[in-house]
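Each chain gets a letter, A, B and C, in the order it is written, and its residues are counted from 1.
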Amino acid sequence: MSHRVIRGGAIAAALTLTTVLAGCTGGGGGGETPTGSGPIDPTACDGVTLSFIGLDGEQGDKELADWRAEHDMTLQTTSTADMSQLIAAIKSGQQFDLATMTKDDAQRMVEGGIFQALPTERLGNWADMVPGMAESSNIRDADGVIYGAPIAWGDGPFVYRPDKAEIVDDRLSILDLTKPEWKDRFVLFNSPGRSFYFIGNALGFDSPNLTPEELEEVAATAKTLVQNAAAFATNYQDATDRMVSGDVDLVINGWQAQVAAAAERGVTLDWGYFDEGRTGWWDAIAIPTTAQNAECAALYIDQMIGVDAQVQIAENLISGVVNTQAIEATAGGPADVYDYESSVMDPTTNVFGPMIPQEDVPDGMTSYQDWLDAWEQITSGS
Amino acid sequence: MKPNRIVAALQLAPASVYYSALFGAPLLVLVAYSFYTTENFDFVPEFTLDNYVTAWTSEVYRTYFIRTLRISAITAAVIAVVAFFYSYVITYTLRAHRSLLYFFVLVSMFGGYLVRIYAWRSIFGTEGIANSALMSTGIIAEPLDLLRNGEFAIIIAMINFYLPLGILPIYAAMQNVGPGQIEAAQDLGSSRLGAAGKIVLPLALRGVTVAFVFTFIATAAEWLTPQLLGGTEDQMIGNRIAYQFGAGFDWPLGAALAVTLVVVLAVLLGALFTVVRRWVR
Amino acid sequence: MRRLARWRRVPWPSILYVGAVLLFLFAPLAIVVLFSFHSSPRMAFPFQGFSLRWYEEIFTDVEVVRAMGRSAIAAVTTGLVTAILGTLAGLGIVGLSSRTKGAVMFFAMIPMSFPALLFAIGLAVYYRELGVGFSLGATIAGQIIQSLPFVLLVISATLDRFRFSLIEAARDLGAGAFHAFRTITLPIILPAVLGSMLLAMALSADEFIVAFFTAGQDKTLPLIMYGRINIKLDPSINAIGTVLLVVTSALAFISARRTSKESL
């Protein structure tokens, strides 16, 4: 075969590809959006198959099993704890009807356009949503449109091994962790939010509103914190595993469920709060733009925030409930570790307030992108 | 056109077609993305070189690239050396058992990538096997920070996972050098090791180079191992690329970083191949 | 005396070296297998006793069993298709001039250096635009691309030093092209083909990223495993890994025996 023939073949192949690619522009989405008005038809899910992507255990697999059977409905789960993978999967056009939306990434997920608006006025159980969640700016875009329904929450303690780390009264300052005695003894998540928020407060600034100069100061302290940390935890399970195996003694952003998970493995954990405040977490369910069954998805979300499902979810996840009518029922159960009054019942407390700069940044203040850039600089080790 | 050229073309055709359709096209999609503009988390087909400017000039990414290349080069070099001697020993010294010893290497590739990473944690951990063994024999008094030296743990775990990949091409190449040739060299006064160096190495050099290239490339694109075994300052370029495609919401930059990685690897390894070819000649 | 001489002839340094390498290769696998029998949900020492609870858990989980079936299909298909495409292409490359050969090999190696995550995303976007949807077949198609370069490189490294005069001699003696291939070329390359086929199977059985983005609802074993790690990190993933190890090594053993009978 002569070179000319090979070259000819290559050109032909390239032309074919170009033709194929010409069809590749545009496209995107193509999903269905909820169309009706008024309450959602209770039969919207009959015979439907919904697909969910996100945190396994937060899709109502057990909690809504009976409800699904009643409606002859099927739920398919694609499990991932990595929000980056979840975002990429939806962005690349995979079809999902439901997806996890975590508090820390919620703003970017919403602005990134991977979710469609949630018709909360059509959800029968939305009226009972705890005010701290219902009024949260994190579930909204800049215009106030709501995109996700929180289904579980916690108040974001640090979790530690009391047999290895003595912490008086379960109180600690984030600055303590930058000291040599904590070198390589704790893990944190690979995201600037909590660290910058706490450090900003510790340095006397008004987190998350930081000027560029303040951010620089915060970043310098955060660099010591990151260098002092043993590693990044990829998720709560990973952090628990590292504490159980004795590699680290503390995780900065923890969850009370870790205590139960560690107890099962014969290790005692405890939790406490930083002097610089509490930053709660919540996980929500939202409807991706690629959804095929948005009506049913909305109905399913409504079930997830209903009293029955909430009580069970709280027990299974050791989380707080989002339905005011469900709070009573969790008393005395395994999830009875949260103080509702000081966290979710009063929307003015800071537990679920913005921990990171919101999309409409006040003049002269740093944006979340600035935070991310500073974080990338810190973690590059350069 | 000679008949054997036609045969060659026919033999190459199925793989080429398959390759163009399922790799060439998706790759072009991503290369196209690397020239897109990101606006409000959206990727607009508006030509720009900004992503490449960022990828090539940012000090942050340079740090990631250099660290990645260093970790991969160390891993690949260790693998090439260990794999060469393993292949040599099983092919010539323990010739009677070579199939079995090769088979063991193949089998070790299975068993799950992620589960293995967790297994390394129970080996390297503060209360892990390595430390327990060293402490109970009295070699050390305090647990060593094996796992905390993140780069060490990453490299060991990657050598472990990719070593079979290195042995495969070297062993395959050595099967063409008969033991007779080595004996002949020894008869002429070479030592055993001398025979390995003089006769086998040049003939198996292609295999050794392939082993190095295999493992260098495969490890340079790693991201799970550094994420799970590395410390806070041991993340590799693969971690940043993964981030840009997800929560970073910047596919164009992620694509530009990936294309850059491919180009850097191609240049480095192309140079290596040229040097090796000259040396053999 | 004679026994002592024989003792001396035993290549101890070689045996020690091979032993050390194998010990290193199998150390993490031994841990994986050991903890799959752990009675406690903890995957760390001290070891608290044996139990089959994790095996019971995975084999009674319909989702896991189904995923095992899909992964088996994916591994076998990927292995076979890759071996055929790779062997053919490897034979073709040998016949090219060295410059063309270099160029072809260069392009063939790109998939290895391309981060799997990006390839997976590119493939997903491409499938969406083609409208073929996401399925096990879509995943297998992508996994073949990932293992093809490895197979190709191993086979061409083997063929590189192959003396073609042998084939020409056989042809001169009147052997047909196919006969010459079967009796001379095939036996020489068979170990390499088989080894690389197993490699392709291993890569497929363990592959996560392409499957995550293209399998749709046809979840493979790694997808289930990675999913489990999010909610409960317990030895059931070790049990899955052990099953994978046992099944594939049995497969490898059978094919290795077949090859050695035919070629060695």
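Here is the rule we go by: a residue touches a chain if its C-beta (ideal position, glycine included) is under 8 Å from a C-beta of that chain, and two chains touch if they have at least 3 such contacts.
Just so it is clear, the model here is predicted, and its values are computed rather than measured.
Visitor: Taking chains as nodes and touches as edges, what kind of graph is this: line, ring, star, complete or other?
Guide: complete
Visitor: So which one's got more C-beta contacts, A-C or B-C?
Guide: B-C
Visitor: In whole angstrom, how far does the Cα centroid of subunit A sit from the Cα centroid of subunit C?
Guide: 36
Visitor: Report, in whole Å, the distance between the mean C-alpha point of subunit B and the mean C-alpha point of subunit C.
Guide: Whole-Å distance between the two chain centres: 15.
Visitor: Where in subunit A do residues touch two or more of the other chains?
Guide: Only 20, 24, 85, 88, 238, 241, 245-246 qualify.
Visitor: Listing for subunit C: what residues touch at least two other chains?
Guide: Residues 43-44, 117, 121, 125-126, 226, 229, 233 of subunit C each touch two or more of the other chains.
Visitor: Of all the residues in subunit B, which ones touch at least 2 other chains?
Guide: 5, 8-9, 16, 25, 29, 118, 121-122, 125, 127-128, 242, 245, 251
Visitor: Help me check something: in the complex, which residues belonging to subunit C touch subunit A?
Guide: 40-44, 100, 117, 121, 124-126, 128-130, 134, 212-213, 216-217, 219, 223, 226-233
Visitor: Could you list, by residue number, the parts of subunit A that touch subunit C in their complex?
Guide: 3, 6, 20, 23-24, 27, 51, 55-57, 76-81, 85, 88-89, 92-94, 235, 237-238, 240-241, 244-246, 261, 264-266
Visitor: Report the residues of subunit B in contact with subunit A in the complex, numbered from low to high.
Guide: Residue list for subunit B touching subunit A: 1, 5-6, 8-9, 16, 20, 24-25, 28-29, 32, 40-42, 45, 59-64, 67, 118, 121-122, 125-128, 145, 147-148, 150, 227-228, 230-235, 240, 242-243, 245-249, 251.
Visitor: Using the touch definition up top, name the residues of subunit A that touch subunit B in the complex.
Guide: 1-2, 5, 9, 13, 16-17, 20-21, 24-25, 82-88, 91, 105, 108, 111-113, 184, 188, 190-191, 226-227, 229-232, 234, 238, 241-242, 245-247, 372, 376-377, 379-382
Visitor: Contact residues on subunit B for subunit C in the complex?
Guide: Touch list, subunit B to subunit C: 4-5, 7-12, 14-16, 18-19, 22-23, 25-27, 29-30, 82, 85-86, 89-90, 93-94, 99, 101-116, 118-123, 125, 127-129, 132, 157, 160, 163-165, 168-169, 171-173, 175-177, 203, 206-207, 210, 213-214, 217-218, 220-221, 223, 238, 241-242, 245, 251, 254-255, 258, 261-262, 265-266, 270, 273.
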